[in-house]
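To keep things simple, chains are lettered A, B, C and D as they appear, and every chain counts its residues starting from 1.
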Amino acid sequence: MTGIRERSYQWRDPLASASVAPTVDGLSYMQAMMRGELPHPPILDTLDFELESVDVGSAVFRLRPAEFHYNPIGSVHGGVYATLLDSAAGCAVQTTLPAGAWYTSMGLNAKFLRRITVDTGEVRCEGRIVHRGGRTALARAELTDGAGKLLAEATSSCLIMRAAEER
Amino acid sequence: MTGIRERSYQWRDPLASASVAPTVDGLSYMQAMMRGELPHPPILDTLDFELESVDVGSAVFRLRPAEFHYNPIGSVHGGVYATLLDSAAGCAVQTTLPAGAWYTSMGLNAKFLRRITVDTGEVRCEGRIVHRGGRTALARAELTDGAGKLLAEATSSCLIMRAAEER
Amino acid sequence: MTGIRERSYQWRDPLASASVAPTVDGLSYMQAMMRGELPHPPILDTLDFELESVDVGSAVFRLRPAEFHYNPIGSVHGGVYATLLDSAAGCAVQTTLPAGAWYTSMGLNAKFLRRITVDTGEVRCEGRIVHRGGRTALARAELTDGAGKLLAEATSSCLIMRAAEER
Amino acid sequence: MTGIRERSYQWRDPLASASVAPTVDGLSYMQAMMRGELPHPPILDTLDFELESVDVGSAVFRLRPAEFHYNPIGSVHGGVYATLLDSAAGCAVQTTLPAGAWYTSMGLNAKFLRRITVDTGEVRCEGRIVHRGGRTALARAELTDGAGKLLAEATSSCLIMRAAEER
């Protein structure tokens, strides 16, 4: 039968990273992941995207569109856009957290503006903090192509939790 | 080095399905895909989820959570939720389209309500049409666990296009 | 000069209601407001809508569209839709709160499906709880005309707070 | 009975503006409204806010918070935020339209970040185009206080229509 493709990939046990998370602040944690000292999350391997940079209040990921990201109509599925946007927005929030705090995403509001195909070439997704309160944070992410053209954007509302609240 | 995992999977050339799409109505197209007469989109293989059923105005997908869906904190990444929600909502819209019409998702507004792990077991995502106008459609999708507990939900706004408009 | 219209309306000091709120549970508070024992909020008078019913997890408002609700293109402004949707969703959350707890709306995601004019006649907006967690709640509201046709819908994410957390 | 307040206000027949709309481009129309040559929409009078400036791809409104904007808990109702955000985003889209084209808002995704009271003083809401396609447009609006602090923000998805399509 024609037209069959195959892909193999590897990832690492994500619990190694999860166990470190509570002991360091969010920026240090993300930096350790970027340097490869902590395994990155399996979803990055599954969808083949990577963390390009992190700073206080921002995080950037990049992805090279491939056929295995495709929906039925020959372009990248909206869920792949959403995964990048959610990752960039969430990590932007994480870089603002002290040790002992963590966040959970309450939702993602994504707008899909332009079609992405393998011909689009590498795309870049940058997340930035818009508002950082004590209990909640709002971040925005923008997905752009190599020429800086906006392909999609999203806002993400996160809930911030602290160890003390759990007692 | 410990903790390395590997996965291999296959998918089929998505253009075979894409070329059939304009010639049949949306429901027939989705039904042919469900019966395996048309290849399903690669993203289903990449994230390992499947189409369970389609009907006029609705579509249901299911997924068994696995470690390769994980974010850094040991649970399924929000992007996987979004992929299921976007697929279910979009396909619900597609089942209402006549031959020669197609849709594009303008955005997804997803709310993440509960954590999903491998212990959650198989999850089910059902999309339903809320409003079907001439130029736009609104669909809602709900992601539930085996006990029917709501894990996430979303609305998706779609733009409907017709071949005649392209001339 | 022709075409000038004028309207006068009254409202009551909202602080009377605000001071009662912490001492009773949310449902009792809403019921007292519906019976007229507590002044309803000024925005109801300004936009001339009213509370029709409340129950555990739901609240219904109604409004008769008028020219003073209009945008520049001769129909009801989206902000009026949003006010009804936000009120119904928020009050649905409030009916689930014990005494000493309160909520704040983090956001509203509204979809406008059909135009409303004075010819539409009275519209009805029903809010319902979708998910009620310890720290957050999600509610949905639907705006319908007299024939039950869906005019707009929204989801609202709320943060729940308790007196103890403020100490 | 104590604590009763009253307000009277005027507005002008909105159909005068609506009839002019199709004959001029969106920017000229908004500018004529700002100069008072065309009546502004009644909702501006009802909620007492005004247009401060317009330019290609942007529009700014301002409002002085008052008790008649209040919800039951002694602050400005989310619907008032939404009205400002929807107006600013929608008008930003309108300024990009040629004569004979118009838009309709498909939805508003608003995030409420900070409480507004009469003590907040005048607030400012600026809308800007994010993406302008042939059939759709995406705009963002930000609501800020006098010190530039972000109080709320929103994105609005609009559908663009042209006279030719109606034939």
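By definition in this document, contacts are C-beta pairs under 8 Å (C-beta built on N, C-alpha and C of every residue); 3 or more make two chains touch, one makes a residue touch a chain.
Here the structure is a predicted model, which means the values were calculated and not measured.
Chemist: Quick one: which of B-D, B-C or A-B reuses the A-D interface, over half of the residue-numbered contact pairs in common?
Modeler: Equivalent chain pair to A-D in B-D, B-C or A-B: B-C.
Chemist: By how many degrees does chain B turn when fitted onto chain D using C-alpha atoms, rounded in steps of 5?
Modeler: In short, 180 degrees.
Chemist: Just give me the whole-number Å value for how far the CA centre of chain A lies from that of chain C.
Modeler: Centre-to-centre distance between chain A and chain C: 35 Å.
Chemist: Round to the nearest whole Å and give the separation of the Cα centres of chain C and chain D.
Modeler: Using C-alpha averages as centres, the distance is 20 Å.
Chemist: Please compute the C-alpha centroid of chain B, do the same for chain C, then give the distance between them in whole Å.
Modeler: 33
Chemist: Which residues of chain C are in contact with two or more other chains?
Modeler: Chain C, residues with two or more chain partners: 106-107, 109, 111, 157.
Chemist: Looking at which chains touch which, would you call it a line, ring, star, complete or other?
Modeler: complete
Chemist: Can you tell me which positions in chain B touch chain C when the two form their complex?
Modeler: Going by the criterion above, the answer is residues 109, 111, 113, 130-131, 133, 138, 150, 153, 155, 157.
Chemist: Taking the complex as given, what residues does chain B use to touch chain D?
Modeler: Per the stated touch rule, the residues are 106-107, 109, 135-136, 157, 159.
Chemist: Spell out the part of chain B that touches chain A in their complex, as residue ranges.
Modeler: Touch list, chain B to chain A: 2-18, 21, 33, 39-43, 45-47, 67-74, 77-80, 82-84, 86-87, 90, 102, 104-112, 115.
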